[in-house]
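Before we start, here is the structure in question, set down as structure tokens.
Residue numbering begins at 1 within each chain, and the chains themselves are lettered A, B, C and D in the order written.
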Amino acid sequence: MSKTALSQAELVVRVIAQTAVGNETYFCELDAVVGDGDFGYSLARGFEVVLGDWDAMEYSDVGGLLKRTAVTLSKRIGGTSGPIWGTAFLRAGGVLTNVTDPGGADVIAALRAAIEGIKQRGSTDLGDKTLLDALVPAVDELEAALGEGAGAALERAAAKARESAEATKGMVAQRGRAAYTGERSRDSVDAGAIGVAVMFEAVTKAWREAGLELA
Amino acid sequence: MKKFVNDPQQFVPEMLKGIELANPGTLRYVPEYNLIMRADAPRDDKVSIVQGSGSGHEPAHVMVVGKGMLDAACPGDVFSAPPSDYVYETTKLMRSEKGVLHIINNYTGDRMSFDMGRELAEAEDIKIATLIVDDDVAVKDSTYTVGRRGVAGNFFVIKAVGAASERGAELDELVKLGERVNSVTRTMGMALTSCTPPAKGSPLFELGEDEMEMGVGIHGEPGRRREKLANANAIIDELLEAVVSDLPYGSGDEVALMINGLGGTPISELYIVYGHAHQRLADRGIEVTRSYVGEYCTSLDMAGASLTLVKLDDELNELFDAPAEVAVRIF
Amino acid sequence: MKKFVNDPQQFVPEMLKGIELANPGTLRYVPEYNLIMRADAPRDDKVSIVQGSGSGHEPAHVMVVGKGMLDAACPGDVFSAPPSDYVYETTKLMRSEKGVLHIINNYTGDRMSFDMGRELAEAEDIKIATLIVDDDVAVKDSTYTVGRRGVAGNFFVIKAVGAASERGAELDELVKLGERVNSVTRTMGMALTSCTPPAKGSPLFELGEDEMEMGVGIHGEPGRRREKLANANAIIDELLEAVVSDLPYGSGDEVALMINGLGGTPISELYIVYGHAHQRLADRGIEVTRSYVGEYCTSLDMAGASLTLVKLDDELNELFDAPAEVAVRIF
Amino acid sequence: MSKTALSQAELVVRVIAQTAVGNETYFCELDAVVGDGDFGYSLARGFEVVLGDWDAMEYSDVGGLLKRTAVTLSKRIGGTSGPIWGTAFLRAGGVLTNVTDPGGADVIAALRAAIEGIKQRGSTDLGDKTLLDALVPAVDELEAALGEGAGAALERAAAKARESAEATKGMVAQRGRAAYTGERSRDSVDAGAIGVAVMFEAVTKAWREAGLELA
């Protein structure tokens, strides 16, 4: 296990957690439009424990880090987001367990596993107006751009996530509470999708600022 | 925010502590897992009945734990299903030789949490069965593949299953019974106002002074449409038509009629609603032989009501008559 | 106005009709006199217990008519004492060999109506006694000569007197008992919001987003002062201090604690209030051995709560334990 | 019994009743400031029955008319106003029973009896900030001005009622619900007192319009 890969993964998880905590109110507001207004609250309650327990978390590789995070999220987050985000981190961690030096392809494989986990747990797929509608195009973009270097690829993925998240406006929700509003859900973006975009943007920024490239 | 609240994040724990203090000897609060349980549960000669859902629906379900109803309730935060870990730990605490029955309202988050919690608990050889309640006619099965929601009708499922479990019914019998109650139970609700979650501090959605929302779920999620505010009788006629035509209930049927307040509607108004519904049913030849008027499954401080019908038979009458001892004496 | 209402003038009659329909066989509604009575009352071997007051305080008192509680309730219109004629007619209907007991909350209108009604009924040789309830510590006896108001504490008077009357207690014994309960009962309430009477269609008074009214009566009439909105614990501390210091209740006492919601406050919040009050009393060495959490005496849809303490002894414990069968099962 | 006296009394009772019904909302608003906002509602519910039952009311003299009115009010009006107004009409009716031809002095005696009835029923007196604070000065004025003719006397009484009712602003309520507000009641007029003033004004106007003098 290269020290670099692990510390890069730590950076990413921390930034995701900080983004969740820092956007509590904003994410709640997004969810309040056609949902029940707790998306930001749920994420924040889970990820603040991830940050609070940070030093006590025990793991020896990237897979371990992701799995520990998954357990904390499943323990603390209720509603839809606990199982969804918990499953995503758990599956990604599974792929990266015992991978000595994860490279770009491993990261993509982990993200694909996370996506499969979400689809399964949520009985959902692309086009249902969920966070998948930002996550899947962003991961596709990330994979396609990996050759340009991690920083540039992240930037393209973040832009794609944003564009796709904004495009959920105009879609009719087929899953989650928003689905009950039927046609009325068309007029607003999906809270989870915007959440994914904001996180991609935050990770990209932090990555650049840390002057990192993929190990 | 006009609420009795200290720290919004402690809203649920402080409420649960209050329930324990008010019911010493009979109820226990387990802070680690946000759980209210009967002090004398589990028992190996009785299936343990567990219900979880978001908080904010009180008395559902933390205040209906007790003899003849639930053995434990594992609530999440306000309007959030419990984390799967709470489901898992609650199930372990309620482990009984005869099994544990999970009752779930058909909402995405609740189902996912209970699915994960069940998986974890089954890995420890606990016998578990699941009952899904989906009594809400406002959501058409065909239109949205997430299916109907589970709302106030779950009280009848809990009551029947709780009574039967006291008599030693087996897990599979309880599942059959619960499914049968669910299959003859239909509900539709409507909101006059929004509600204010303590952590949000402001109304969840906007509803104009002359508007109402027909077909809401128990968080105020819409189901049918926003309409111009109407008088009580017109509202009831609309709720009743939706419910009666769904099963359908017909002339000669005997039914239980529940008028459930959503939290901010005074009981005086609920009896006005009840009276008209009862008479309209009589006009159709449907006889109300059991009545339930009050707050069962609420949405915090929302003004509004839901109407539930249950088609009765001898077995159900007998189970609904059985004694129950819960913090709020509503049955 | 976000209410279930048809014609505001029919608000009370429609509610009473609903109560009768929901309780066939046990309760009767007499439209001529706006009255709810036990179907099996009066009985010549039992003093008839009658309470009247304005409507809008439900379940008080029309929903607590039944075995072990009231024999009849004669409500007036919303927040108006019943006309004296209704008191007179109700008293005639409840005539018993053993007498009729009037229970009245100490409000000007209620006292005057019952005075006149009693005069009229006594002219027909009906034996009548009157119990005045005045548990509200917010109003100082000395400052206002109208005296303290009667508020949620009247439930304990009704419960004790109702139980004793079932066992054949005489009219004068019931008066003594009721006065004794009243003398160990103290209440203070507070409002977070105003309420909306159906006939008015808009809030009765204005309370700013950051204000609350301490010491209100059951219509929201002020008693102490308007204050800046505080958190739940600070509010409870203030209510508790006023109540405890008034009797006073002291270390070693056993008490009943009632947290009464005013109509618009969800029961989740009432349990938060209860929990803190219970613990603060324990800190003072006062042990809560009976708890009552819910809506007893409300002000339509007002958000707010009142806190009642009753000093217990063996006789009272035994009377409060006695069975009661009322439309809302709150005791 | 002179036909004139009875028809004059009928005019007065009708005008009082119509005024109560016509000012329902206004009187409620006055009562809402420091009371419970039902004063207008209560009066209107009682007096609309008086008007509705008008033709069926049986009486043979002014005393009988007032007593029938009293019974209707007591039957229909709850709250403080039922007993207060019922008692007032009952006592006034008592004084005028079997009075063959009531003149000015009889009317004053009847009004004094009504005032005594209110004081007794309400355990109250002048200065407690109730309707008495308009009624008593108005009756004093009426008596003092009787020599000028009924129309002129009524006009002076109405003016006095108005002036006295307005002057309840500045008084602290000692009776009724308003008493609970203590010092806060000082800033508003008493609903009952204004009610009395409005009724005196309406009766005076109707009297003038009918071209009447006291029989």
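Simple rule for what comes next: a contact is a pair of C-beta atoms (placed from the backbone, for glycine too) under 8 Å apart; a residue touches a chain by one contact, two chains touch by 3 or more.
All values reported here derive from a predicted model rather than from experimental measurement.
Counting hops only between chains that touch, subunit B reaches subunit D in a minimum of 2. Between subunit A and subunit D, the centres computed from C-alpha atoms are 76 Å apart.
Mean C-alpha positions place subunit B and subunit C at a centre distance of 29 Å. Look at where the CA atoms of subunit A average out and do the same for subunit C: the two points lie 55 Å apart.
A separation of 33 Å divides the Cα centre of subunit A from that of subunit B. If you sketch which chains touch which, the chains link end to end in a single open path, with no loop closing it. Touching chain pairs in this entry, ordered by label, are A-B, B-C, C-D.
The touching residues of subunit C, counted against subunit D in their complex, run 9, 54, 76-86, 107-109, 112-113, 115-116, 139, 143-146, 149, 197, 199-200, 204-205, 217, 219-223.
Taken in their complex, subunit B has these residues touching subunit C: 2-6, 11, 14-19, 21-23, 55-56, 58-59, 63, 192-193, 209, 212, 229, 231-233, 235, 263-276, 278-279, 288, 291, 293-295, 298, 300-301, 303, 305, 327-330.
Within the complex, the subunit A residues that touch subunit B are 28, 32, 35-38, 41-42, 45, 74-84, 86-87, 121-122, 174-177, 179-182, 184.
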